[in-house]
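Should a chain be cited, it is by its letter among A, B, C and D, assigned in written order, with residues numbered from 1 in that chain.
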Amino acid sequence: MAVFVDLNITNCKDVKKLQNMIEMAAHLGYSTVAINHVFEFESKKMEIGKPISTKELFSTLPTVQGKSIPIKILTRLTIIASDPSHCNVLRSTSPSTRLYDIVAVFPKTEKLFHAACTSIDVDLICINVTEKAPFFFRRPPINAAIQRGIFFELVYTPAIKDSTLRRYTISNALSLMQVCKGKNIIISSGAERALEMRGPYDIATLGLLFGLTEGVAKAAVSTNCRSAVLHGETRKTAFGVVYTVKKTCLEEEEAEPVCKKAKKS
Amino acid sequence: MRFKSRYLLCELVLEDPRWRQNISQGTVVYNVREAIARTHGDFGAAACAVSLSVKYLNVYTGVLLLRCRKDFYQLLWSSLPFITSLDNRGQRIPCFINTLHVGGTIRTCQKFLIQYNKNQLLQLMKNCTNAAEKEAIRQSLQSCSLKSLEEPEFVLSKNEENE
Amino acid sequence: MDPMHGRMREQPKLAGPTSYERIVLKNPSEHHYMKVQLEFNGEGAQLSATQFKLLVVSALKNLHGEVGSSLPLDLLSFDEKTLCAVLRVCSRGLVKLWSSLTLLGHYKNHECSIRVIQTSPFLLALAGNSRELDLE
Amino acid sequence: MLRGLEACPRHLLVCEKSSFLHEKSRHSALVQSHYYNCSVSLLLPECASLPEHIKRTVDNFGRYYLVRNLPLHEFVKEDFINTFVKKGAFYALTYRTRIDQDNSAALLPTGKLILSVDKDTYEELGLQGKPSLYSGKNPLRYIIKIDLTEEGLAPGGKKFQRLNWAFTEKKPLKCDFLLAWDNTGAPSILSYFCKYTVKECNFKITSRISRDLPCPVLKSGDLHGKPEESCSSEELFDWLGAVSNSIDCDNDSSNFISAFCCPHPNTMVERAHLCTINGFVTPENIQRLLDQLREYFAEPKLTQWVSLIVHGFADSPVSWKECEHGFFKGGENLYSVVVFNNQDYWLQMAVGTHDGCPP
């Protein structure tokens, strides 16, 4: 078993609030957290901003409860994709995505979900828990995602807030579990306030309600998160290789219009 | 991919048969969902949210076939006894639901239902007072042969006539 | 071993040492125990033991319905100052209780959360938590 | 899936009865082989203050030490092995590491060094070990056992070189350690580890007197108890928990808040003394305490029995002997000894999910 990780702490302007949340995570026994920068396209040409500097947040990092080591803070980018063009940021050579440790995508349509599972280079795929699942989960894309080492993320904060959202969370989680059989699931908080966070053992128990077995539920807040972080690291380095070979990059860019033409015809 | 389901064959018993016309599949689903949410809370409601459906409803005979995910049929089953009335647009229809059979396929439920109706008819026959009634029941009994297995509707409608 | 037989042999020598016996019990506890703490954001509400129990029962009722709220549940101790409590629940209801506590987010109009400090099938284990051993 | 919601983590409770007078009595062996203890409690019914001889034993518990950032290669040094491991019972256990998340290590008084490490560390270390019993099909945790008293570990030997290389170069593991050394005459830990930050720690002793307590009636010869005659061992274990957590047992079954009550039959006890010692307690100290408890009945006492409760470390890699211990949801490993006035005793040993059956 690995250390406990919460890969989704919502970024906010209020630094004090963010600090509070990270302190709470440390207090609850999480050894690693990721600050989540949600990015939603409003216009076509929007640049992805830089992640907040984790070094400037604390002068001394809070110590993890029951350990003598300080908490580790990562950055994460979540792109809310409602149109295929939104995912281009992840394909292109945009350097801003490389600044993040983890990249996640929140597909709004079945087509994008399929694309995220099979082709887009991400570490996490967010599962919608705040409304009735707009599409059924199908086996082929999910198997492909599992093959590629991509993880599905369930967020539990909405379930704390409201009874209706709680039903959606559990029901969507159960229908996902029916297909993926508990593989490649991570559970994270998505907290916006410190009081919305819960301890890792509590979440492992909550996982049972989502249809996971005891061991797998614990892995969903520890081992699987570790794998996701490692996946993020390899994606970074793999991207680096492509980046240095400039020629291939150019070819790709040139090749793109051809593809578009092919699609149109 | 096939998801495993469970089918619950139930008997919907109304206190006053005149309410029959007012009951639709939607009413039943709504009330069953409410009952699950009451007895098993948000978790129960969520677990049965996706797959719960009424597969067949015959208001005249009161036969009701419910489908549910195999993993959670116990939640559904344990909630059914707590339904004491159906809520239909403000109307309260007193009733109860009696589970007759739980099966893995519609077919097993169908077989059971035929057998069950046969027995019911035999019971009726015992209580018959005149020859005409007896003859009618005998005829319907004959119609419940294996051949009619493929046509549950037919069997059921036969049953109706006898009521 | 025949228990009657054993007793017969023991009875005459009243003060004599007892014979060796060993019983291994697998999952013997009918109950599980949870040590929890209610936490508010800054100034919270004042609660009595009865109110706390009602809060827990209502959390169970919300998530697991009437079935959940009728689980045998006891509030063994409650400290009104620290809002720490020890709960006892039948083993079958542990997961239900735990998940309900996890998803509890409000008390009256206050935001709150319940921190599970320790859980164990043995009440005695709650008295000595090595993870709380602090030498700083 | 619904069954998963009703299941509870596995746990074991072993109850034994025997007498201190039996030649083959195992009490001493069991106390001695539960190496790492974080708290010891004495429960003396009908006792106002601790008797002098018990108090003296508690005061003579000595000290234990907390060493910061101690590299593991210190343990394989010849000097260390000769001065400590081979000269008495030396106890070391990683402090503030969690066995379900981090690497942890323990040095047993038998001279065995046991490491419980995650997969990454295991691969980096390159030492031979076994996958943990509780990590499923794809092991993510490994247990490495090294016998420091082994002949092959002499300096210059192949095995020593490999170990030293693994701990100094390949993966320089550093942890905070709790140390205890049960040999007062020999060189002190403070002077040996003067290169590192060492903190001397004292045991924390707390006493509490509960008044008017319902107390179960026990019969030393009857572990199972009989209705209306005596309580069973399990019931007692539950009750001990209630007393230790100062839980009110005087409820009736219709009480809304709690229907918890003392097992039947019971008698009212005017007062009960509960003394708790927190810290890194060695089995030797517990053994001495147990011997003193036996002495307690040398003079006639009002009570029939007294009890000694010992809690193990939830994050220790072993529970009893070298039996692997893990943390799932509680990491329980504890035992209690009930000493009767006729030198009979009951022993109750409890473990949680990731643990073997107590010996």
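We take it that a residue touches a chain if its C-beta (ideal position, glycine included) is under 8 Å from a C-beta of that chain, and two chains touch if they have at least 3 such contacts.
Values in this document were obtained by computation on a predicted structure and should not be read as measured data.
For the pair chain B and chain D, chains touching both partners: A, C. Set against the C-alpha centre of chain C, every other chain centre is closer than that of B. When each chain is reduced to the mean of its CA atoms, the one lying nearest the mean of all protein CA atoms is C.
Look at where the CA atoms of chain B average out and do the same for chain C: the two points lie 43 Å apart.
Computed from the mean C-alpha positions, the centre of chain C lies at a distance of 22 Å from the centre of chain D. Look at where the CA atoms of chain A average out and do the same for chain D: the two points lie 41 Å apart. Residue positions of chain D with contacts to 2 or more other chains are 1, 4-5, 7, 9, 95, 98, 329.
The residues of chain C that reach two or more other chains are 62-63, 95, 99, 119, 131, listed in rising order. Counting only residues that touch two or more partner chains, chain A has 66, 163, 166, 201, 208-209, 211. Listed in rising order, the residues of chain B touching chain C in the complex are 36-44, 78, 82. Chain B makes touch with chain A in their complex at residues 1, 3, 42-43, 45-47, 49-50, 69, 71. Interface of chain A with chain B (complex): residues 132, 138-139, 163, 166-171, 174-175, 178-179, 209, 211.
Note for the complex: chain D touches chain C at residues 4-22, 24-25, 38-39, 41, 66, 95, 98, 199, 201, 220-221, 223-224, 233-234, 237-238, 240-242, 244-248, 256-260, 276, 278-279, 309, 311-316, 329-332, 334, 336, 342-344, 350, 352, 357. Those residues of chain D whose C-beta lies close enough to touch chain A in the complex are 1, 4-5, 7, 9, 95-98, 100-102, 118, 135-136, 140-141, 176, 328-329.
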